[in-house]
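Next up: the structures, one after another.
Each of the next two complexes has chain A plus one other chain: chain B in the first, chain C in the second.
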Partner chain A sequence: MSNLRIIKDRTASGAMRTVTIVALAFVLVMGWGLYRKSAPILSEIPLWDLLTDSTWQPFKNKFGFFPFVMGTIWVTVIAVIIALPLSLFTAVFLTEYSRRFVRKIVYPALDILASLPSVIYGVWGTLVVVPWISDKLAPYFVSFSTGYTTLAAGIVLSIMILPLLVSLFVELFTSVSNELRDSSYALGATRWQTAQSVVLRKSLPGVFASVVLAISRALGETIAVLMVCGNLPAVPHSVFDSCYPIPALIANNYGEMLSLPMYESALMFAALLLFVVVLVFNLASRLVLRKIEQK
Partner chain B sequence: MRKFILRKFFANDNNEAFVPDAKFKHPDVAPELTVDHFNLSIEGSPILKDVSVTIPANKITCIIGPSGCGKSTLLKSLNRLSDTIEGVKTTGDIRIGDTSIANCSMSDLVELRRRIGLVPQRPTPLPMSIYGNIAYGCKIHGVSSRRELRKIVRHYLKVVGLWDEVKDRLTSPATKLSIGQQQRLCLARSLAVEPEFILADEATSALDPVSSKIVEDLFVKLKEQYSIVMVTHTLRQALRIADYVIFIYMGEVIEVGDAQQVFKNPKNELTQKYLSGAIS
Partner chain C sequence: MNKLVVKERFARLLMYLSITVVLILVASIIWTVFKRGFRSLSWEMVSSLPGGGFYIGKSGGFLNAIVGSLYIVLASTAIGLIISIPVVFFLNVYLKSKSKLAYVARLAFDVLFGIPSIVYGAFAFTLMIYLGLRTSLLGGIIVETLLIIPILIRSMDEVAKNFPRDLLDASFSLGATRWETMGVVMRQIAPGIATATLLSVGRSIGDAAGVMFTAGFSDTIPTSLSQQTATLPLSIFFQLSAPQAEVQNRAYAAAVVLTIIVLIISLLGRFITNRFSKHKLR
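Right, the complex of A and B next:
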């Protein structure tokens, strides 16, 4: 009887350990595979040149990834700049101000938004955001814009990560105990003062972790961005320039250009780059998070 | 850097008499809290039924009664924290002096809540430093001078006997304090905005016996300047420190009176039963 329990316990812990190791190994194997595939281009062109060169002419054997790196950074930064304040305010409103029936409507809506396939956001971007930028917004700033711009990609991406951020923030804010809020109210604090000094402050490490999660998601988002960013391999100089983030580069060209071995290797290097960036970004933020939590 | 400045300031400062900010001055006559035919229901079910009591100034008033009878709800109504309960409805009135609490506007409420402090059941250090916890309430009510804030922090930490224990780590997080210290910090925090009333909902129930005794003694000391309303489950505690007692049963006030009278000669049969332990 008790033997059986112990056997069950051992089997369970063994199984769980195996699964964990397999998951870890998977990450390593993927990294290794990408590295192997990108070895040809790395042996031909030094890493530093690959990253800092702006000329992308595969047929002349010129592989400069700088435009793609910048495109990725621009789009991600714009998305976070738009989505972060919006999601914070929305979550504060939902948890601190709204009545229960509002939340009952909004929470499921958020879940639906978060689970929509990204191609739908892409379509919405091409139908609504792109024309709005080219007809309404861009004329104030530049003489001509197709609308397929860094800004369009940033906006679409921000709308995509918004529901994710809001749900994460709502989860965080509701986990702040009501007794803590009451203590602040009892001192005569208003709701806004309480939200700022107690709820937001208490959730700061979690807010940081959520933003990291959202950025990781944004870095890798492909289809929706690809549909509105313009796919021009040049470093964007303003938000009204087209751009070409790394995931779009891979998705657009993979499978077509495999006749050129160096091209394939270049695309694999792009994938490796993305992989490393997301990995390093996550690890680094973990360190920062630990610092914040200690405070 | 900040730490250094704080320490330097406190080192230079001699023990001049502490005068609260003019904003926080008590009225000349300490007010009473009047609960006037007050009813409270949550989602249609009545929790407090026609409660009418007057809570005297500069006394310790204990609210006693069996679990679930509405003690905490009554206490929350006194500073309108009951507003945060979903589906709550009230009729009747609660007044501090002549000012209505139960029926005042949101903007008046902020000031009224300052006048009625709260010590929670479990300590709730705000997510900031020890210094920040005490300065928080004052900042909310517009005290912005650093010099003034430091005086306030030092004074109230001394009042609750925490000063010597924490003076070297004022900038460290309040959550690092022991539970007993946290509770005294919560008391200092509410005292810092100079309330006239202090509400305490089983404020010692989460504490060890020694800390519990310290907080209890503080209440006794504080009643010279403040009026204290506390909910307690331990009758012995009520016996030790109560001046005035309110006994509630199933949302109704059954008996009110001086502690001596209620404990020695309860008029109502239910009170007698409760005190003898027959109902709990």
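Right, the complex of A and C next:
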């Protein structure tokens, strides 16, 4: 009888270990699969040329990813520039200043932001942000803009990474010990001085890691960005130009790509590029955050 | 001294401003989607299939997308739970808390959590070609399952990590094997499982980039796993890119339906974390 119980336990242990390891191996399989699919284009065109060439003519066998890389970078940078101050001030306020009832309103609001699907942000972007840019904002700076711009994509993206940033920051700031705060107050520092030179300084590495994590999230956003960015394969020169980030490229052309093997390979290379960058960013930031957590 | 007061006031002003901006943004998104959507939402839209000429503005609804989304979400959540509960259990009960494997596994799932769904979609697409599958309901279920497993595992694991070790020891000292202790653990992390499930349902019902490659699109409700299926986010996306106002209005209506579903899920998650923790020892 007791033998059976032990056998059951051992079997379960083995089965669970297998499931865990298979799930783990999935990261490797994914990278390997994407690499194999993008091998044809990598063997034909050197990596450096792929990334720095800006002619995109799949049917003439010209695959320059430069406009897409630049589009992705522009959109991501704009998103971080908007989201970082907003989320920092919000998080400082929530942890250092606010009363309970403020938190009771703000946290559910952030929850809603976090739970809304990408396509809803896209709908909101086309209904609100795009007309606002083309009618109100752009006329001050340029003669004409459709509104489907790098800026629109950046704004939409910034709101999408906002809840992630705030929740990471709040976690970081609450982990700063109260003794430090008290000693700062005891020395006569104001609240803001304490927030700035004790809380923020103490959590600076964590803030940095959180931003990197948010960037990796922003890099892969597809549908919302695709709906507002204009999808023009050219390097943007101002925030009022259209752009064409990498995820949008993959999503827009998946039907077409099967007609040409090299085209398919190029798009899989785009996916691989995204995979590798996100993997590295994610790994680095998670390792830093984990170290902070353990302290 | 005066300078400090000014600085303090200024910082406070910026904070109030940030909070206001965040709240206004949330209100603006919900308000815009609801206002625009309810104007065109009708019972016909949520209860009928696309009729002839649907995409040039003729009659019909998007029931196909609602049902397609439900099929994919329910199936992938069920499969995801079957795979991830044993993993969570293994990480927390079978492995010691300082185990290398547990550390690497948690890191790997964190990383997988961060991989964008478009990459999952692209990968699943190549996998399907390799296996000889065509875009189908099955493909959509596969990619969504892969997508939510890391979410399920990591959010259940967060709860299970705080599981009191003493309770495990108590169970072991009574002679229970680790396998038999699962009942105790399950009861303790039940609210965690529920919230994790809701979280992943919310994520997979709203995901468009993953199913775009794998589930395809169709105007009918799929009757077998090998048929293509429509999904709610893609239906919004496709209809919105049509030039006719009637078709676009339907996209807004579909957006309201999706938003309401997601909001209910999110509220339910909050409710469960607050209420159903009665078996939980602290």
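Methods note: the second predicted complex is superposed on the first by the 255 of 295 C-alpha atoms of A that agree within 3 Å, B and C clash if a C-alpha of one lies under 4 Å from a C-alpha of the other, contacts with A are read in each partner's own complex, and residues count from 1 in each chain.
Everything below uses one rule, namely that a residue touches a chain if its C-beta (ideal position, glycine included) is under 8 Å from a C-beta of that chain, and two chains touch if they have at least 3 such contacts.
Source: prediction; values computed, not measured.
When the shared chain is aligned, chain C comes close enough to touch A:286, but chain B does not. Of the two partners chain B and chain C, it is C that touches the larger number of chain A residues. Of the two partner chains, neither chain B nor chain C is touched by A:79. Of the two partner chains placed by the overlay, only chain C lies in contact with A:223; chain B stays clear of it.
Looking at the shared chain after the overlay, A:100 reaches chain B, while chain C stays out of its contact range. By the touch criterion stated above, A:184 is placed in contact with chain B alone, chain C being left untouched.
Once the two complexes are overlaid on the shared chain, A:197 sits against chain B while remaining clear of chain C. In the superposed model, A:168 lies in contact with neither chain B nor chain C.
With the contact threshold set out at the top, residues 190, 193 of chain A are in contact with chain B in one structure and with chain C in the other.
Touching chain C in their complex are the following residues of chain A: 5-6, 8-9, 12-13, 15-17, 19-20, 23-24, 26-27, 30, 33-34, 37, 85-87, 89-90, 92-93, 97, 102, 105-106, 108-113, 115-124, 126-128, 159, 162, 166, 190-193, 195-196, 213, 216-217, 219-223, 227, 247, 250-251, 254, 267-268, 271, 274-275, 278-279, 281-283, 286-287, 290. Across the interface of their complex, chain B is touched by residues 99-100, 177-190, 193, 197-198, 201-202, 204, 295 of chain A.
Residue ranges of chain B in contact with chain A, taken from their complex: 79, 81, 84, 86, 110-114, 116-118, 120-122, 124, 126-128, 136-137, 140-141, 173, 186, 189-190, 193, 199. By the touch criterion given at the top, residues 4-5, 7-8, 11-12, 14-19, 21-23, 25-26, 28-30, 32-33, 36, 83, 86-87, 89-91, 94, 101, 104-105, 107-112, 114-119, 122-123, 125-127, 146, 149, 153, 177-180, 202, 205-209, 212-213, 233, 236-237, 240, 251-252, 255, 258-259, 262-263, 265-266, 270 of chain C touch chain A in their complex.
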